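Next come two complexes, and both contain chain A; in the first it sits with chain B, in the second with chain C.
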Partner chain A sequence: MTPPEILRTLVFGFPVIKECLDTAWPIFIQSLGGLMLSFFITIGSLIGGAILGMILALMRFTPVEEQAKRFRFRPVVLIGSSVEWFIRGLPIMIIVLLFNYLPFALFKLRVPGAILAVGAFSLYGGAYFSGVFLGGLRCVSSDLRNASRVLGLSSLQTLIHIRIPIAVRTMLPALLGITVTLFKDSSVLVVVAVPELMYTARQMAFSSPSDYAPVLGTTLLLYWIIATMISGLARLLEQHWDGAVSR
Partner chain B sequence: MNFNNYVFAAPYFGWLLRGAANTVMISAMTATLALLVGIPVGILRQMAPAFVRVVLAGFITLFRNMPLVPFLLFSVFVAPDFFLQCTGKAIPIGFEYWLFIVCVALNASGYIADIVRSGLRSIPEGQVQAGRVLGLSPRQVIFRILVPQAVRISTPALGTRLIHTMKNTSVAMVLPIVVDSLDVAGQGARIAGECFAWAEPLVFAAGTYLVFSLMLEALLWYICRNPLLTGREYDAA
Partner chain C sequence: MKRLLLTSLAAIAIAASGAFAQQSTLDVVKKSGELVVGLGMECAPFSYRDAGGNLVGFEVDLTNVLVKNLEAYVGVPLKLRLENVTDETRISWVQSGQISVSVCHCNNTRKRQDLIDFSVPYFWDGKSVMYNNAKGKKDLKDFAGKTIGFKRSSSSEGEIKRYFEAQGWTAPVLKQFDNHTAGIKALADGQIDGFTDDNSIIISTAMLAGYTVGEGKKLNLTPGRYSAAYYGVGVKENDSKWRKAIDFALHDMWLSGDYQKIYDKWFGAKSKCPIPLGTNKMEPFVKG
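Presenting the complex of A and B:
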């Protein structure tokens, strides 16, 4: 294959066979491939992970005023923490495989691989998001809130002008870091035949062994460049906001 | 779900146990190698002359942003050709196993170097100057002032990263590794290849990883409350 063909296939995936699509599920997701599917899974799992992470963080959150009090048994906090511990204790490879094989083994349910992949990565991202959100919820001290109320801001204004900007500045670099992790780890989907970038590259390389080096090298470079760009953005934001948070 | 047939049956349970033992072995080797590479890189990245620092910054960026699976597939399938061209001999059988350990360790060493470096950076410059004023030699400043505090600060993060590395060894399944040296997830895939039962061995493998990470977390917790490591930084935790 010529270099432009290799690159085009890596970015957009193999042509889709219409007969293989499962019409019970959205066609759009099943017709994506290559790097585009990697992006879709990253973005989808960012959204799903943010929702799950917020739920877990709110379950685990205890207001600062209450932390000084003596220990009290809180079942909701316990449930949130153990769910997070459970997900963090599993490798992403195992989460992806379990998501792919358990629905059929338990409920005889057939779901397209791309949708299961988004689910698996949402779960994985949610566990890491919850820690970041918890930090964001805690980082605005009650003194700062009281001060803004004393200066005459309403509680809504305090939320919009004080709490959200500070929380976002604290959380955004960490969120971009998790985005990089999700994008990089989406390459483990190669084991469950979801046609994202790594799977496309492996099929291409194995179908024409003379292309091993160019195909796998281009894939590695694509992953590396995109991951470096996102983490560079995180570093820029961190430098831009350096010192502006705690004041 | 039929655990009696696919997990606790005659050959399969032995495979899984051997896989669990292999996971321990691979993780230990990977962690050792990653620490051996990562800690010097992190220290030199902070303290060496400028051109060394630039090279090491490149090293860290290269391996931190490298996803593991493409990196492994690239090295395992391109290395034999490269080896043949360089030495004129075919690569020895079983090299994938060692290449796998080296790649995972390099990947982790990028993170470890950054953790060590941030531990060193968190110590105020004033302490170094104060040490010099009080008459300590540069060597004494490093070993009496910088290293104890940096170790104290970076131990929890290092432990977390090593637990993560242990979990990362589950990607061995994408490589053509000799079946006897596969880890627990790989042995699960081997059982699935024999009898089309994915769910049961996977649940067993997931349980293994949970037990391992629980044990390592307990160990890390125990290490971190050692009097040598508990400074004022950990009074709150």
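Presenting the complex of A and C:
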């Protein structure tokens, strides 16, 4: 294969095999492949993970006023913490394998691999997001909130002008870090043959072994460029805010 | 009260037995009109993407004929559905019923017989060790204590260990590779002394990678084999009705001459990896 062909296949995936399509599910998701599918899984799991992470963080969050009462039994906090604790202790590989095995084994439910992948990565990302969100919720001390109230800001104004800006600035670098991890970790999907970037690369390398080195080289570059772009964005934002603070 | 308890217990037992009764895959396929075939899609020449991105290979052609032949035994027109499987999923998905059959260059081995059942073999092969010809001719015995590469989750690992043990030779150092291509590259670069798996796969991978294979060429195979390889269609354990239908469909393929045509296309004299049909004789299963 020529270099442009290799690059095109890595970015858009191999042509869809019509016998693989399941008409009961959105076809456009099943026709994605290569880097595009990696993007879809990253973005999908970002959204899913953010929702799950927020729920877990809100469950685990105890307002400062309540932290003094140390020995009060709080089942919601316990549930939130145990879910987060459990998922964090699992490698992504086992989550992916279970997501691809259990829906059919238990409920005879046939779900396309790309959708299961988004589910698995949302769960995985959700556990990490919840920690970051919790940090964001905690980082605005009650003193700061009281101070803004004393200065005459309403609680809504405090939220918009004080709490959210501080929390977002604290969380964003960590969130982008998790995004890079999700993007790179999507490569474990080779074990369940979801045709994302790494699987496409493998398939190409094994189908035409003479292209082994160029295919792996191009894949490496693609992963590296995208990961660098996301972490570059994080650094830019940090610098931007540092400037804003010192001004 | 006691009677009520007993009645409800019996009712639960009946309901449970109904829910867990083993339904033959044949009936499932008949009801849905859909044959779900688990196909690996990254192993030349069995099933892979060609330069144009099309799915081609010996097992792809075999599957297409298998669906047609099966219609006679299932009794309804069948639609083919493909599921892309890997070495991790080709057995577990047969067990869970996610795929009706698995056609994924899977060796019928004693260990795998505990997990699923296999049809009659649709491909016969053996396992030798591939080596770099630069250091002279070798046979299996010369690999005692040497480094041999094998592919992850291949049955060759246990089999070669057992064979060397049985012969009383020093055990070879086994090095695992994720795939055949990486192993063959490592062999050509001199990182390992030998690489082993089913001969058809390693020969065609080496040739597709641009190496020559044979006497006096870049790479060569030991004349001795440490194990036979029989590829079978994977079906659910203890589902005789379904296995019989698959077996008969494969028999029909042989009788109609379709099998020989497909074989000739991929392993005939003009193909990239010529293996004359009938040269592989029946050999006993190796324990391991």
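Methods note: the second predicted complex is superposed on the first by the 240 of 247 C-alpha atoms of A that agree within 3 Å, B and C clash if a C-alpha of one lies under 4 Å from a C-alpha of the other, contacts with A are read in each partner's own complex, and residues count from 1 in each chain.
Simple rule for what comes next: contacts are C-beta pairs under 8 Å (C-beta built on N, C-alpha and C of every residue); 3 or more make two chains touch, one makes a residue touch a chain.
Keep in mind that this is a model prediction, so the values were computed, not measured.
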Handout entry: Fit or clash - chain C, chain B, common chain A
Key = clash
Practice task
Determine, under the contact definition given at the top, whether A:Leu220 touches first (chain B), second (chain C), both, or neither.
Solution key: first
Practice task
Figure out whether A:Ala205 sits in contact with chain B (first) or chain C (second), or with both, or with neither.
Solution key: both
Practice task
Tell me which partner A:Arg74 touches in the superposition: chain B (first), chain C (second), both or neither.
Solution key: neither
Practice task
Check whether A:Pro15 is in contact with chain B, with chain C, with both or with neither, and answer first, second, both or neither.
Solution key: second
Practice task
Answer with first, second, both or neither: which of chain B and chain C does A:Pro195 touch in the superposed model?
Solution key: second
Problem - chain B versus chain C as contact partner of A:Met1, first or second or both or neither - result: second
Practice task
Could you tell me if A:Arg110 is touching chain B, chain C, both of them or neither one (first, second, both, neither)?
Solution key: second
Exercise for the section: Figure out whether A:Arg145 sits in contact with chain B (first) or chain C (second), or with both, or with neither. Expected result: neither
Exercise for the section: Report for A:Phe86: first if it touches chain B alone, second if chain C alone, otherwise both or neither. Expected result: first
Problem - chain B region in steric overlap with chain C, selected from 1-9, 37-45, 91-99 or 199-207 - result: 91-99
Practice task
Take the contacts of chain A with chain B and those with chain C, and give the residues found in both.
Solution key: 97, 100-101, 105, 190-191, 202, 205, 212
Fill in the blank from the handout: chain B contacts chain A in the complex at 1, 61-62, 64-71, 73-74, 77-78, 81, 167-168, 170-171, 173-174, 185, 188-189, 198-200, 202-203, 205-206, 209-210, 213-214
Handout entry: Sites on chain C touched by chain A in the complex
Key = 41-44, 48-51, 53-55, 80-86, 88-89, 92-93, 96-98, 179-182, 184-185, 205-206, 208-210
Problem - Residues on chain A engaged by chain C in the complex (per definition of touch) - result: 1, 5, 9, 14-15, 17, 19-20, 22, 97, 100-101, 104-105, 108, 110, 113, 190-193, 195, 202-210, 212
Completion exercise
Listed in rising order, the residues of chain A that touch chain B in the complex are 86, 88-94, 97-98, 100-102, 105-106, 180, 183-185, 187-188, 190-191, 198, 201-202, 205, 212-213, 216-217, 219-220, 223-224, 227-228, 231
